[in-house]
Every structure is written in structure tokens, then in C-alpha cells.
């Protein structure tokens, strides 16, 4: 067995450890499923298409065909369970992008030089909104961040702790940037972390897989079917009965 | 060109952007080069060897033959330049590991069940010390963390800001866990980030490469030779002259 | 001279140190000047009036006659100078107040038991809005916090740093709780702090004075006239000329 | 009744609310009881004496006669109960004080100009050590901070949360600066806060009293006898029996 396969097998063994997802203590975090990340014809994908025509095709298809339907399944069940639901978003709070972290401002500059427009929209802009297929309800949290990680520039840790949440189920885009950073931050702040392998994606399937492999260190990787089973009411009442 | 190659080419193009490393504004961060991470026969590698014999061989060889010599080169030059130098470490500050983030406590539990000892040593333990090949000088910072990211549980952001540092050169182990998380945190906190590709490593070369690819988003990937050139005195005085 | 007078004289001597307020590096922070803090007939003052009739009279008069007019003067000049302007607010982001820090939830409980309503409004509620006399412009920052200190639960530090702001002029209500905590947090995060003595107030003049005395340790106490002089254009161009 | 007395009466009524101090969930925090704060003939008190001869006499007497004996009583009982014990300290981690928050560097500069030496010692210096009357045991936490508040520049929040601590009993010096800031930070991070009125002090009794009055907003003010009763084993077993 080569080096990587040996490491991957070890991580898979670790991943077999059980994880319980009591709805009262578990939040669903939906990372950056905003229109400008989920749909074509916004500067985010436009700038990448300009750099490398066709580079976004697989990504946008996976978002549409897999990620959105899978998050919808999770949303329905977590809502039914009364769990905490958090949508994250990225947008400038000052209109001019000057408040974004430097690496995100560099993306805006690429957008300016290639397209004449910045990539990150202002908070409240139509393209900043959560994809209509996943709309947030009034009682659900939408936190805007200026960073890849959600914890760096929002009050999310405080929001979760005051509600008694100590574990998070993470979904959204893109796996290797905002999803991975948010998962790492959460685990470092002592939240148990489940990343849903088929409810997140990125531009390269290979980077998606490699990043999920590393995230085994920080918590659990589960697919949507598994999370649905871990959080279904029937199972929970059975558990209570036993 | 397949999806991943197309993405990789785009990231490589981004990486061609210039970065300046003025010694007064740049810190060298050496992540977790502690004996128990760099040398065999400590619980860290022992537990992995127990799980999967031979899994650490390549990692330990790369640490010894590549990472340590390359960090030594950087250390010498950054010291000559009077730049800020930071060593990070992981260790329990309460002896019993109860203070580590939950994902790190899970590693300790694996150590307990497989070897009868925890993986993470107490602060000050000989195995907690920085590898003797890289010893910290008294005026250099050694920050102990309880997390993968250095910013989550130390005063590093404050330390860097009070010294006027706004860019960091990151090295150490392991690429995909503590190095990557620290790089992401730094970029999210508005520090410009350079990750030195041949001054860090992890257990799988494939995960090392994949994680470096993602880190292009957060900053610059440079090898040791390039960082040496970017920080050499001759070049700097030429710059000043011009 | 008695103990306190001796300490106060020492603090006054410290306060004589000069402070420069370059508009590009200075932000005006207006703490919690929301309707429910600035006007009668909201649960905030109602609950205190219920506990102790008349206890809010002096506070509300000082807000109306001194604090609001003085903040208006500062606002006008800081806007003219193009300085960063930040309004803070307190409100629940989950409607039910469960996300507020525990000490603020205790206030809500007092409101529930004495008046049948919570003290802190939801974000966006008319009573949550900034007092109309001070309305925020679209390009100005309004940050909602769940805490007394603004830095604990908002991205304000990031917002200030990405704009190159390294000093803050703090005003608002109430001096000894949210103003004082925000000033302490700012100074601890390496921002130079000016608290404007006659642009903030609290329920007891005595506590207002005592808290300002302690805040000498963290920065500078100046009155509105002094801050107006320190930030007026004429003075600044003279400085530049000299 | 005048304004302040009316406010004080209202705060005293609030303070009558009960607070439980289960030893497993409660930490004793001893703020900055380092030699250079507790004993004469170090630059900290020397610089104030130089500015205003005699200004430290009352403070040093209260530290010696009241604060140290009272903290010793608490220490003994909290140790017996197996509660978490935390000592905080202030010291430069870079020898030159450049890492301290700006307001603390200003104090160092006053020391340099009046005495030729900085006020804040390096970590590990004899004057940096905790007062020998209160020595920390190896299993107790000593966290060094660069700020007035302990949470701003240490991992204390993480340390408390990973141990299941959700309430803190705060003692030490000086009431209006480091004690008050730490208490505010703790309450803002959702820890229940008890400040022990006769186990902390500052340079002016009047500022001590005024700051304690404000701290009623953030939690509970109790004296040492009350905290001893709230944490004594007999009472606890009675509680359990009932």
C-alpha cells in the first residue's frame, strides 16, 4: 500500500467512531450558498471563466444537482427537529470591499482588472442573497463574514454557545476554502464537527476529496443519508426508549 | 485539460503575483517543530505506527532531510535580518490534556487505548521542546497552543501587530493540519501569508500537495530558495538603492 | 490631600499628554444611541422606573440636552473629514434574547417579571434603531452586539484595521457599562482611545465621573470642544504647514 | 434620595439575586497578584510614588492586610473543593515591552522617563512572580497577559470551557483596571461573574467602590465570608441532601 493509501485507511478507521447528533445541541451550518457562488453570470464565476474558460462547469453542475438538493433535505429535517440553523455569507459591509480580509481583496482586484467589477457584493445586494432554493426563514441566523472562516469575523461562537450548541454539521461551498476553514475553526473552539461530504463541493473534485481527507483529523465525515439517519425523529425516540 | 489541472493552472497564475518581504514587517513562523512531532519513538508517531506500521517513515525522513535543513536556512537569514521569529508548540497546560480542543483530545484517547499514554505532552516536557536542531533563542517567541490554528488560543495576532508585522512566512508540520490552519487564520486576520512549500510536510505527499494548492487562495506559495532571495540583504539594499 | 484626590491629580497629569487625531486614522464610535436607550417609554427605562420611580429623569435629560447635541457636533465634523464612523447597537438576533450574554439576559428577565416584556429589542425593531437625531448614513457602519463591549461579539477590530484606523473617539451610553467596556477592549487591542467626557453619560453622575477617572489609565479623556479642535481642518492644515 | 443613592439602591436590590457556586463549574481567578503589584520597591509603585509621594501607602496596606489574607482563605477552600484555580499575570514576553498593549507601553514610558526603568517586567523575572504568600501549585494555571483584560490576550476562555467551568469568582488587583476589565470580558463571554469585594483593591477606595457598583450590572458582588459560605462542603452536602 502506498503512503497516501495507508494514511487514508488510517483516517477512515478513525472516521468509524460514532457521533451522536442530538437536535437540541446540533446546528446546521450552510456556508456561503449565496447566489454569486451558486449561479453563473456573476463576477465570481465570470472571473474564473475569463481566466480559464470552462473551469466552472463541473462546479456549477455539482452545486445545482447535488449540493442544493442535499442541503434542502438536511434543512427540512433540521427544521422539523427545531435545531439551530445558520447561513453564512460573504459580502462587504462598506460597499467598497475595503473591509474584506486581504486575500479576498486580492480576488476583488483580479475581478477589477479582468472584468472591471469586484467579485464580492455588498451585503444586501441581490447577488449576496442566499440562493432562493435554500431561503433562510426569519428565525434563522444569517451571519455575514469578511473572511473564509466564519468564526474569525462574526459572533457565531457566541451564538452557538448561548443556545447550548456543542456540535455542528457543516455544508456549502467551497469545500477547501470557506467550508474547510470554518470546520477547522469550529473544532479548534471545541465544537464537534461533522462535514457532509455530498453537501459541499469545490472547483476541483480532487481538491474536494483531499480536503475532506484532512478534515477527518478535525471531526467526522458523513454523507447526507448518514446525517439524515443520525437526526431522524424515529431513531431518536428509539434511542430514548432503549 | 481535466478539471483539476485547469484549476491548478489558474492557481499557479495567481501565485505569480509578486510579494515583498521587508524584514521589519515579516515574521517567520515555525509551526510545531517539537521533538514529539519531529522524532520517532514518541507517542505521536508510535500511535500511528501501531495503527499502520510504516506509516510514519516517509514523514520522518522528509522532516529530517528537508524540513529541518530548510527551516535552518530561513532561521539563519531571518535572524541576520532581525526579523520577528515565532515558534509554535502544542502541549497541555493542565498536564491531563483536558484543555486541548476536542479533536486533539480524541487523538489523546486513541493514544490511551492503543499505547496507554496520551499523545500530547505537558508544556515543558522534554518531548514538548522545540527540536534541538532549531532551538529558539531567548528573545524569540514560543507560543503554546491548544488548537491546530495558532491564532485561536494564543496571543500571536497581538504579538505580531504590536511589532508592526503584517506578513508571515509559515513553515513546519504538518502541512494540512496546523500549518494550513495557521495560514488560513493569518490571512483571515489580514496578514499576508507565504507558505514555504519545502519547509513543511505531512504524512502523505499527496495531501501535502493538495493542501498547498488550496493555500494559493490565501496567499503565496514559495520554496526556500525563493524566500531566501526575497529576504537577502544584498537584494534589499539594491532595492533601497534603486 | 486625601487618597482619592491624590490619585485623581496623578491621572489628570497623565491626561495632559498630547494626542493627535489624524482623520484618516481615527474613527468616531457612537455606542448604543438607540431609541430604547435614549428615549422614555421603552422597557429599558420603564423597568428602572418601576424599580425606582424617577431614577431615569436625570439620565434622559442629559442624553437629550448634552449627549445628543455633542455627538451631532462630532458627527458633522468627522463626516466633513471623511473619517470612519461606527454606530454600535444592542439587540437580539434571534428575537427571543437567547443569544445575548448572560448578564443581559438577566436584565431581560427583570423586564419580564416587572413589565411582562424583555428589555432588549430584536435587531431591526423600531426601538432598536439609532435615535433619529443621529441617523446613520448608508456608508456608515452599524454593528450589532450581544455584549457590553463592542469587540467581544462583532467584527469591529477587523473593520477598523482593514481601514487603517489605529485610534478611536468614543461617545454614547452608558458611560460605565458599554462605553467603558468598549474603551477598555479597544485599548487592550492596541487602539489609542479618547473618551469624550460630555458626549457620554449614565444613570448616576457620580458613577460617570468615577468611570471616566479610571479610563484615564486606558487613554485620553477630552471634552467635545477639545475633540473639535483636535480634528478641525484649519488646525490640521496649519499642522501640516508647520 | 439623590440620583446616585437611588441607582445604588437599585443595584443592591439586583445583587440580592441568588447565585450558586458548584465547585466543579466554578473557577477562582486571581488577577495580577504579582510581586511588582503587591510589594513596595518595584518600578510599578516607585513611579507613582515619584509622581505623588505617599500615593501607594493605602493601596499597599490594603493588599497586605486584606486582599492577600482573603485570597488565601478562598484559595484554601477552592483547593479543598478541587475547583479550577487561575492566576493571571502581566509581563512582556519579548523583554522590551513592545508586545504590551499601547496603554501599558505608555506606563512603561512614564517609568523610563521618571525612573529610567520600565514598569512591566519580563515573564519569569522575580518581580513578575506571583506573591509568595499565594504561590501557584504546579497543576494550577498561570496565564500571562499583555492587556488589562485576561480574555483579550490569553487562552483563558478556552481553558475554562474545556473544563466545564461556566462561572468565575474574581479577586486581585487593581479593582478598576485589570479586575474590572476581566470581569466585564467574562460576563460578555457568557460566564457568570462574582467579584469578591474584599479580595480586591485599588489605589483609591472611592474608585474601588464606584467600580464595584458598576460591576453589579455584570454579575454579583459578594464578600469573602459570603463566598466561603457559598462554597463550603457542609453547605453543599446539605444542598445535595435536600
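Just so it is clear, A, B, C and D label the chains in written order, and each chain counts residues from 1 on its own.
Methods note: a contact is a pair of C-beta atoms (placed from the backbone, for glycine too) under 8 Å apart; a residue touches a chain by one contact, two chains touch by 3 or more.
As the structure is a prediction and not an experimental result, all values here were calculated from the model.
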item	value
Set of chains adjacent to chain C and to chain D	A, B
Chain labels contacting chain A and also chain D	B, C
Selected interface, B-C versus B-D, where C-beta contact pairs are more numerous	B-D
Angle (degrees, nearest 5) of the CA superposition of chain A onto chain B	180
Most distant chain from chain B, judged by the mean position of its C-alpha atoms	C
Between chain A and chain B, centroid-to-centroid distance (C-alpha), Å	25
Centre-to-centre distance between chain D and chain B (centres being mean Cα positions), rounded to whole Å	36
Whole-Å gap between the CA centroids of chain B and chain C	41
Multi-chain contact sites of chain A, meaning residues that touch two or more partners	101-102, 147, 152-153, 158, 162, 189-190
Chain A partner contacts - residues on chain C that touch it in the complex	93-95, 98-102, 138-139, 141, 145-147, 152-155, 158-159, 162-163
Complex contact set, residues of chain A against chain D	158, 161-162, 189-190
Residues of chain D that touch chain C when the two form their complex	3-4, 6-10, 13-14, 17, 48, 51-52, 54-55, 58, 101-103, 106, 110, 147-149, 152-153, 176-177, 180-181, 184-185, 187-193, 203-207, 210-211, 213-214, 217-219
